[in-house]
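Labels for the chains are A, B, C, D, E and F, by order of writing; each one numbers its residues from 1.
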Amino acid sequence: MWVYEKKLQYPVKVSKCNPMLAKFLIEQYGGADGELAAALRYLNQRYSIPDKVVGLLTDIGTEEFAHLEMIATMVYKLTKDATPDEMREAGLGDHYANHDNALFYHNAAGVPWTATYIQAKGDPIADLYEDIAAEEKARATYQWLINMSDDPDINDGLSFLREREVVHSQRFREAVEILKEERDRKKIF
Amino acid sequence: MWVYEKKLQYPVKVSKCNPMLAKFLIEQYGGADGELAAALRYLNQRYSIPDKVVGLLTDIGTEEFAHLEMIATMVYKLTKDATPDEMREAGLGDHYANHDNALFYHNAAGVPWTATYIQAKGDPIADLYEDIAAEEKARATYQWLINMSDDPDINDGLSFLREREVVHSQRFREAVEILKEERDRKKIF
Amino acid sequence: MWVYEKKLQYPVKVSKCNPMLAKFLIEQYGGADGELAAALRYLNQRYSIPDKVVGLLTDIGTEEFAHLEMIATMVYKLTKDATPDEMREAGLGDHYANHDNALFYHNAAGVPWTATYIQAKGDPIADLYEDIAAEEKARATYQWLINMSDDPDINDGLSFLREREVVHSQRFREAVEILKEERDRKKIF
Amino acid sequence: MWVYEKKLQYPVKVSKCNPMLAKFLIEQYGGADGELAAALRYLNQRYSIPDKVVGLLTDIGTEEFAHLEMIATMVYKLTKDATPDEMREAGLGDHYANHDNALFYHNAAGVPWTATYIQAKGDPIADLYEDIAAEEKARATYQWLINMSDDPDINDGLSFLREREVVHSQRFREAVEILKEERDRKKIF
Amino acid sequence: MWVYEKKLQYPVKVSKCNPMLAKFLIEQYGGADGELAAALRYLNQRYSIPDKVVGLLTDIGTEEFAHLEMIATMVYKLTKDATPDEMREAGLGDHYANHDNALFYHNAAGVPWTATYIQAKGDPIADLYEDIAAEEKARATYQWLINMSDDPDINDGLSFLREREVVHSQRFREAVEILKEERDRKKIF
Amino acid sequence: MWVYEKKLQYPVKVSKCNPMLAKFLIEQYGGADGELAAALRYLNQRYSIPDKVVGLLTDIGTEEFAHLEMIATMVYKLTKDATPDEMREAGLGDHYANHDNALFYHNAAGVPWTATYIQAKGDPIADLYEDIAAEEKARATYQWLINMSDDPDINDGLSFLREREVVHSQRFREAVEILKEERDRKKIF
């Protein structure tokens, strides 16, 4: 089980109300390679992965929920003072018609999150490559968002998150090596 | 952010390997009214709900993740020793072909979870009725599962979970009353 | 069975061609909490709800089809004279590429309608709370649409429809009370 | 708008409780080529089709709702006395876990209905061929259902419905010819 | 099996970088009536269609992949030099956030391609009417795209593709007649 | 463009009519990690990947279509002589109700194929890890299918296909190294 601590993993600041930036950031909230996908993917794989990797999946999965909360906070801060007119001008009129200024798990185009974005195969090597791919794709998404943002405060947060994905990718690659070594050792003896 | 504690909210025991029961239980893992839907719904609504209700949503949302973990543990324990033949005979051949004995966020029919199951409207009363409805629907699902199960250990866990949904429904109904009172008070003065 | 009467439940007028407003209004045609969802939800629940509530569900479900027709008429009138260029400038270029100026059951973001928006649990209390929540969410959507519209004729129609949702919500709440009383009476004797 | 008449277009009888047959029949309730798809497709196309064809679409669309009600009645009668055990043995355990014995708009495999099954192009010829194809596909589905059913009462109802699809297909083909003639006449003068 | 030849079926030229036009063209790449839908529909139906029509389905299905490649080339050429800012101004900010300037199988509104767009019924007449409808709908889509485009080079390619759909529709209509004749001949002897 | 050659990449034999095995095999036709997903993923990524890797994606993507055809042939041969009763007993009654014995792009549970299974990020390293993960997941799926099959002819074909996925995975890993070396070389000079 999880215990909530009322703090963010990394401080979230926003330079100014900017709903158009929020429209794009929501890709990392409810998009194919966003933080929800990451958290749910890793925590779900824990039951069939070898014991050696369970802790890693729990740790990273739990951290991704903290990232999800950071993204939620960014999106909220970027839109909370936006009027309906400002939402519409930012390309969020469709979101406003359905959700007002509330958050929702959809991507930047408004497509609702679906579990088909993620996978669990019961094969440890396949699952870990799924995870490496996920981190590389999340890293790319953060880069595209940074490319579209000129809010230095947001970019500071996005850079932190992108960096975390690089670290996670590295750790998943190490886990692949550990499992392969173990598998090879078993074959020898 | 959340901190993981390596324990379950309530102990999960399983009388014997029973993949067919697992096939139905997974409804509460990745189904329309399951624990994933509940947790994600409440935590997402926190940003636009009045301050008075934020804590309630955080508490219940976090607890639903603990329930999700209980369901995951049940499904895992019911299937971990099942052979491919036993999976197939239990109606899980389609699941096995895709996921081996791993878990996945789909309902009992194999339909992947989608965020279209949940909603956030930015209107506090609408959101709280969405939440009451969610708890009533989850309660019903637990009842249908208990009706199909003859595993006393599983039924003990399911009864606990059903009971929690009744409590949550009650708390959301109280929150509606609090917000309506406040709204009416504002109109008077 | 149903008989078609060639008239609208309430007159639909449109001040001027306005495809951007149509883009948002379509949320109530094919969106999560729109009139299609409402009509299909209530009519589907009729078979497993107690006899006392069947008539209510039939009445409201049939009325929601009349509302669906009103929304369709609004959207059609707002776009029928729009050129491809005007559609594109209104953010409907994607709709035009697929459907010309025809209607389609998607939400304001272009996401096609899905039955996962609605539910039937076979539990009367759960189903009625689902219905109350639906009406509250539809009411909120009408409010967000009114907030974005400056067409007085459209707003007159939207206000009528919003008001009907309030009435339906009230009637579903009364039905809950009736069923609960009946349930309690059965427990006593 | 529509007025509800409390009668079925054609009487629905059921020889005996048979949830497995219900499992397959539901294909015509919430499946790709079922009655919901048909009704919604035709009624939606009315706004952009030439005036000459509007009445035809209204008539057939309204009739398809009557067919939907017939299918609903069949499914309900085939399952209403089924116990949870009988539902599970009929392959409806997944449906029961989610919906008890209530109906839902999904196909025989449990996939929820989606508007992506249908189309409206704003081009009258394309729309009418969409409609002809729809009727031919519905006719085929009724045939596959009759092939799997040995309930003479159900088969009587299914034969009636299949025959109606043949008639509708013919009428849509006539409408194509009428529009083509008109188009050619315009080219000449 | 297929052999790739490094050439396009028809030359693709693009007058200038125009990401907004690409946004709409992608409808024919990953939309309901686009080239992917066409190719996959026909090739899938080959196994249950009468022998006489298999070759036709293989030929047209294979040609539709060539069309898919032409559309891909158009979209790529229209966007390859677009900066993130230009993508955003063209309404492709949501696409960029997820995919950079890469292609993806979604429609102009960003809805991912789904097999629910297509059908195979195992009934030859139904399948061929599905195919005729598909060609008529694709023809309409090309017309709507031409109406929105002022790039003469793109319009040349789109006109070629529209013309091919007209030819395919005609060939599928002939196939219906051949099968009907054969069916009638069998009835006589 | 592609040219069709009327032969299979590897001969497909089937020991006997076995619709239940077909039900599971279809996972590799229209499932998350099946051959359709593979072919469409690689061919789509070609436009934004560095020139050095385009040929590899074209080759493997084209080969995956040959694999798709092999799987289609297997499924067809396993079911073509099955009666409706045999289909139903094999758990394919839901498929039969919708598609008769025709093929369709859905997974073993009947969920239609969706492009959300695949991804293209415009970042070459992310795209190649997506591809490696895809091959590892396809390899796992083939293993689960072999585990459920006792048809030696089918298993011969599945083993061939599994082996090809291992080779593809290796080639994608080499491509990652080539691109990383090139990237590093650019940084030095």
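We take it that a residue touches a chain if its C-beta (ideal position, glycine included) is under 8 Å from a C-beta of that chain, and two chains touch if they have at least 3 such contacts.
Since this is a predicted model, take the numbers as computed values, not measurements.
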item	value
Chains in simultaneous contact with subunit C and subunit D	B, E
Subunit F and subunit E - chains in contact with each	A, D
Interface sides of subunit A and subunit F: same vs different residues, half threshold	same
Whole-Å gap separating subunit B and subunit F, where each centre is the average of the chain's CA atoms	34
Centre-to-centre distance between subunit E and subunit B (centres being mean Cα positions), rounded to whole Å	42
CA centroid of subunit A to CA centroid of subunit B, Å	22
Residues within subunit F bordering two or more other chains	32-33, 91, 98, 100, 106, 109-112, 114, 116, 119, 121-123, 140-141, 144
Chain pairs that touch, as defined at the top of this document	A-B, A-C, A-E, A-F, B-C, B-D, B-F, C-D, C-E, D-E, D-F, E-F
Residues of subunit A defined as touching subunit B within the complex	1-5, 7-9, 30, 36, 40, 44-45, 47-48, 58-59, 62, 65-66, 69, 72-73, 76, 80, 98-106, 112-116, 118-123, 127
Subunit A partner contacts - residues on subunit F that touch it in the complex	32-33, 114, 116-117, 119, 121-123, 125-126, 129-130, 132-133, 136-137, 139-141, 143-144
Residue ranges of subunit A in contact with subunit E within the complex	20, 23-24, 27, 31-33, 91, 107-111, 140-141, 144-145, 147-148
In the complex with subunit C, residue positions of subunit A that touch it	84-85, 88, 91, 93-98, 100, 106, 109-112
